[in-house]
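Read from first to last, the chains carry the letters A, B, C and D; within each, the first residue is number 1.
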Amino acid sequence: MSRADAVLAMTADRRDLHAHAEPGWCEVRTASLVARRLAGLGYAVRVGREVVAADRPGLPPAAELAAAYDRALAAGADPEYAALVRDGFTGVVATLATGRPGPVVALRFDIDANYGHESADPAHPAERDGYRSRVDGVHHSCGHDAHTAIGLAVAHELAAAGGPSAGEVRLIFQPAEEGLRGGPAMVAAGVADGVDVLLGCHIGVQARETGEVVAGYRRILASHKFDVRFRGRNAHAGISPHEGRNAVQAAAIAVQNLLAISRHGDGETRVNVGTIEGGETRNSVPAHALLRCEVRADDNAILGYLCDRVEEVVRGAAAVTGVEARVETAGGAAGADSTPELAAVVGRVAAGVHGVTRVRDTADFKGSDDMSSFMNAVQDAGGRAVYFGLGSRLGDVHHAPGFDVDDDALVIGRDVFLGCLRELGVLG
Amino acid sequence: MSRADAVLAMTADRRDLHAHAEPGWCEVRTASLVARRLAGLGYAVRVGREVVAADRPGLPPAAELAAAYDRALAAGADPEYAALVRDGFTGVVATLATGRPGPVVALRFDIDANYGHESADPAHPAERDGYRSRVDGVHHSCGHDAHTAIGLAVAHELAAAGGPSAGEVRLIFQPAEEGLRGGPAMVAAGVADGVDVLLGCHIGVQARETGEVVAGYRRILASHKFDVRFRGRNAHAGISPHEGRNAVQAAAIAVQNLLAISRHGDGETRVNVGTIEGGETRNSVPAHALLRCEVRADDNAILGYLCDRVEEVVRGAAAVTGVEARVETAGGAAGADSTPELAAVVGRVAAGVHGVTRVRDTADFKGSDDMSSFMNAVQDAGGRAVYFGLGSRLGDVHHAPGFDVDDDALVIGRDVFLGCLRELGVLG
Amino acid sequence: MSRADAVLAMTADRRDLHAHAEPGWCEVRTASLVARRLAGLGYAVRVGREVVAADRPGLPPAAELAAAYDRALAAGADPEYAALVRDGFTGVVATLATGRPGPVVALRFDIDANYGHESADPAHPAERDGYRSRVDGVHHSCGHDAHTAIGLAVAHELAAAGGPSAGEVRLIFQPAEEGLRGGPAMVAAGVADGVDVLLGCHIGVQARETGEVVAGYRRILASHKFDVRFRGRNAHAGISPHEGRNAVQAAAIAVQNLLAISRHGDGETRVNVGTIEGGETRNSVPAHALLRCEVRADDNAILGYLCDRVEEVVRGAAAVTGVEARVETAGGAAGADSTPELAAVVGRVAAGVHGVTRVRDTADFKGSDDMSSFMNAVQDAGGRAVYFGLGSRLGDVHHAPGFDVDDDALVIGRDVFLGCLRELGVLG
Amino acid sequence: MSRADAVLAMTADRRDLHAHAEPGWCEVRTASLVARRLAGLGYAVRVGREVVAADRPGLPPAAELAAAYDRALAAGADPEYAALVRDGFTGVVATLATGRPGPVVALRFDIDANYGHESADPAHPAERDGYRSRVDGVHHSCGHDAHTAIGLAVAHELAAAGGPSAGEVRLIFQPAEEGLRGGPAMVAAGVADGVDVLLGCHIGVQARETGEVVAGYRRILASHKFDVRFRGRNAHAGISPHEGRNAVQAAAIAVQNLLAISRHGDGETRVNVGTIEGGETRNSVPAHALLRCEVRADDNAILGYLCDRVEEVVRGAAAVTGVEARVETAGGAAGADSTPELAAVVGRVAAGVHGVTRVRDTADFKGSDDMSSFMNAVQDAGGRAVYFGLGSRLGDVHHAPGFDVDDDALVIGRDVFLGCLRELGVLG
């Protein structure tokens, strides 16, 4: 396929995925179509329970999973693979092995979308050009549609080249990156076993111009995701308010004081209360509340500090209004840094890729990403891992309603991956 | 009908209504069955747009109204009347007029249930005896099922007596008392016009023993119901939290400081934030939040103070995090006091009713009730109005999951109404 | 003395006391001059430890007591009595007993000033006319200067009449009403023993027009005064903030949530955090904080509810930031109501007093006052007690910098007391 | 002087300064004794208005300055120099110039102590060995006593060597580092003019073992110090609380939400509310409050973000309770980094110093220090500047009551300075 044709194909793939955005553990359409495509290209494809462990934190309720399945089928999912990935087993691993000596090189792409409403502004490209998310309240606002499209394009070129020239190439399509849920579950299923070299990329992070490449991120933040539940006691707000135990008041105290957890002298921290819900009716002292939260830190020691403080804040806030509280884990991943010598490979490759205007050795990632699960697994086993940054103009910051990526960046991403495969000696 | 049969009938009616609890503006089954019953007894029945004005604050979304209609039909609503009261016109007025001189006496009964989950404790009578609410998240936790059953029983006895002996008796079945929405809308439709004497009762308020009667409440609190909406800006909670504008943080500040609005030196106040919801997803700075609130006060001047302070708190809270905020009215009613001489009539009558063990002249109501809309309308036009208290043992405080009334209290309520009709000269 | 001369004398007394305002337990000048004056008029005068029990909550530090003593002497205190009342024993009881049958009638006047800066506005009468407080940060902003001046005028007239005609008259000049500290300490010293009839008045409460009299307050609020101390841990705010334990943050949480303690369905409540101090230096995580607070309620049961909630809020707030907290009692008094039949006496008398334009039977006091200690003691022993309201135009609300009373009200107060003494048969 | 004697002398100096701790702009004893000592050693000494500009943010009230002057004289200050440095001009610059070609090398030492109580624990070395601060509420809890003692020792050795061998050596003793006040005021007075090489050190920062040296800190945080004043309206807390405007409540909202200002995606931030005071008396709605605060950031852009957010939080918090608020600057300094090639010199020198066990190239400073004012001035003029870290075991973290340094570290500091002077060619 010509480079121009590849650009058109990647743009089409990316926009199709964008329009059919699926949240974590619900990527039935995405995963089934990826699996079908790669199987068609000759890859050995494993999906579902083979590549995703049963212990999946932050799994949506069964009703949401069922609705996602129905929606996926209605939107053109592949029925055969859909049946295999349904109910929250939405991972895909596609392999081409040569049997010849050479490294096992894994490429990891995350596929899920975020919860959140996409902008309906007529100037928003996705709205203007007709690929705005058709799924209410779900939006590819983190660029995983781009990652998936790049993965498909790499797969196509690799297959078109007759497969690897040595060793093995393993393409990993991971669900539920948001919430840091899918990476640990795939690692637990053994997906990273035997990998010598791991590559992945993220679009638009610390690199907001198309043509930029960050050769390897460092300081991917450690993160813990958790829910906080408060349980109080209802009472008539006019007649007997003193008999109530106010769960929403406790939640409000917790919100303010979770955000006010002290910075740490040894490194960066993040705290977010992403959602809140509470109360039953307007004229009753509210008896329940639920917060969905996360903390992040430069390293695991600081993350431990944050988790300890979260427990204190929640227990204290509950005590203020005499309610009960519980903190429940909903996901998480450790921090990670790219292997410098592998990043150097990426940097050399990127410098020669058409369209690349600037290569930086490294940058702080500043966010969290369960790519770290794979990186830690590979590095701990003696391998090398890199998470590189693919520059892109953005419609807005990540996770905002107006977020969208620049389709011109996609082919650069593809070519960096392909160049690395050549440099690593697995592509002729 | 014998008194014993009446007790059985009222209990059956009350439990049927309890099991099919319907929230405000959604009382399609209740209103249609009341209308059908009273029409069958010979009353001139007006329903829907004839007795409810179009301007109804706090009307649920169209989808909820439609679902309520479908559910009501499935649960045995009268199809003819259901069609007339659907879409939030769920009021009923039934009249028997003699054409003979005499006062126009109106009796008002409220019919709606509350939002809130009913207790599933096996010891909870409604659970034990099989009449627990079948509508998830809706519960007759304020006793309007009892009020409606009493209204039906009064209607039956009055009809059985051949109707009034003089003047006119007007039975008003009012929707959406919770939120103080239905009363103003029925008064605006003219339902209180021409009424000389108005009677109503509430079960279990400041009278928690079966056999007690409070002859006429004073200090029904003035109340204002409102929603607060915050609108901020999303951002990635790890990469660019500083670009966000946190709506949930603003809401948390508002919750604490609405509750902390200063007491007033001239009388009692109440503040409640009944529900909260906000945020889009765990790992994004939250961009929206919604609070459903109410304030109450001993009089309208104090209520005005509270409303002014609410605006200040909300504007200030929004300013702290740089978000936008809006306060929207969702209901409300002024304060009211029973007319003392009419309360004296109730007291005399109650003292002679079988089962009454204690009559108190008056008590502070402490809560709000849009019965005040009718009372103010009647009193302002020179008439007399009373809201009397019907004692009942309760399963728990009003608006709590374990709330339920004592069915033995119902016939006492009926007999006080009937006794008053006799005392007022409209029942032979 | 002519009534005109009496007006001049009372005004002069009141302004002298105003200029030399002394806070609770520091009223050395006031008490010594009162004692000297009454002794000169022939009263049997008891002061200091004879009339004030040793257990005095909220006693200022020794250094402040010593400074007050020095300041009093420098400002013209009577040295002999000053030595007796120093160190926080600033009560005076002056008695004229006849030995003849008749009731023991006690009149109670409170003498202390408040902490707080008096207005220096040129339009403020005390500033304009040269009697603004000369004691920085202490201000007669509650009218006790007026009460004391009235007490002196009553004493003078009673002595001029040759003393009581029957029974006994006991004049009680009480320190430290602010904070509800002096009343309990004088009652504990036996000052109310044997009293048949107790009278007292407050200026300007629920009666803001000169010429008004409230014959007897009801609902003097029960109140509890307390200090809250937080103890955390310092740390460098830049280098190691995570090692700190923030006491000021805990105090801030406590402030908001003390104010947000739920209203009570059974009656009125008040919460105030009057002062706060905390922290050591700008660039260290603060390790201590102190709040001076009070709660008030319609009755002791509701006060108990408030005290329980205070403990919860403080413990919870401390737990949020991992600091220690302690709640310490600093004063308090129960609620009280005037004896209705004695209030009726006051009402009849007041109606005949020159200058009185309006007499109301009763009013809710809305504030707290340790006059309740005396009232409870007398009423519990079978006596009667009244706290009446003396109307006065005010420069601003009580406890505000611009507060001042109308000197024209003083003589009305004197004449109501004298009239009551006549009506009670102890003054000829 | 032998090295052993130097150790004894430095320890004695340090402990004398520790016992007579003086806060910023009040270092009359310290500055006068330093000036006297250096003059005696032959230095050209300039003090007071010659070396400190008149514009000094965060100057204490005149009464505090006067008290500090009196205390200094009573504690052995040099009267002549005390008169020159009084009233907040407590800087000293001592110069030895050769007239021969060579660089102008400046050494900067800060001399002030912190507000805060020193530990009285018998195990605390300063308590145990009798040099605990004799000034209540002032404590050398940041090690500037050590810095000053090192400066004196360097001065002594340099003089003993007959002065510099080339160029000029300028010793700068700077007041009021805490609050970032003295550095800008000395730079404004021209003290850094003409400096080619600037050296300074801090004890115990990111180097808590005696024997460690950090060759040159980077990331000295930019910082802004500010006061927040709230002005509300008093009212009687029982009778008319609704007429108040609560300044302490506004301050409490500000405390929580200043601490909750969002982290910044581009670098570290710090927020501290160091002290709070507010309110007038227990039973009045409080009408004023004052917060002393600071923010710090990795760079000036992030500092600007923090300052903008501070304004928003304060304005919003004030609006919540309807009070007025004002943010006033109290100090501040930009960020700075050591010049790498000069740090390399320090590293080489330190490696050869007796007692040094570990040399690190660099470390993040994590705190703020107005050494940055000098560094920026020198670097902007083309010179080189370094702030090196002198390792020391500590009794507790900086700014905590139990903080104290290890006297064994002092001579290491002296020797690094002297070694650098040699390496730079100004000491033979």
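Just so we're on the same page, contacts are C-beta pairs under 8 Å (C-beta built on N, C-alpha and C of every residue); 3 or more make two chains touch, one makes a residue touch a chain.
Just so we're clear, the structure is a prediction, and the values are computed from it rather than from any experiment.
Asker: Treat each pair of touching chains as one step and give the shortest count from subunit A to subunit C.
Answerer: 1
Asker: Looking at B-D and C-D, which pair shares more C-beta contacts?
Answerer: Between the chain pairs B-D and C-D, C-D carries more contacts.
Asker: Work out the mean Cα position per chain and let me know which chain is farthest from subunit D.
Answerer: Most remote chain from subunit D, centroid-wise, comes out as B.
Asker: Roughly how many whole angstrom separate the Cα centroids of subunit C and subunit D?
Answerer: About 48 Å separates the centre of subunit C from that of subunit D.
Asker: Just the number, please: Cα centre separation of subunit B and subunit C in whole Å.
Answerer: Distance between chain centres: 45 Å.
Asker: Approximately how many whole Å separate the CA-defined centres of subunit B and subunit D?
Answerer: Here the centre of subunit D sits 66 Å away from the centre of subunit B.
Asker: Spell out, as numbers or ranges, the residues of subunit D touching 2 or more other chains.
Answerer: In subunit D, the residues touching two or more other chains are 236, 238-241, 243, 246, 249, 253, 256-257, 259-260, 262-263, 265-266, 270, 285, 366.
Asker: So in the complex, which bits of subunit C are touching subunit D?
Answerer: Where subunit C meets subunit D, its residues are 114-117, 137, 141-142, 178-179, 205-206, 221, 223, 225, 233-241, 243, 246, 248-249, 251-253, 255-256, 259, 270, 272-287, 289, 292-294, 296, 330, 365-368, 397-401.
Asker: Once bound in the complex, which stretches of subunit A touch subunit D?
Answerer: Per the touch definition, subunit A meets subunit D at residues 256-257, 259-260, 262-263, 265-266, 268-271, 366.
Asker: If we count contacts the way the header does, which residues on subunit B are in touch with subunit D in the complex?
Answerer: That would be residues 236, 238-244, 246, 249, 253, 257, 260, 262-266, 285, 305, 312-313, 315-322 of subunit B.
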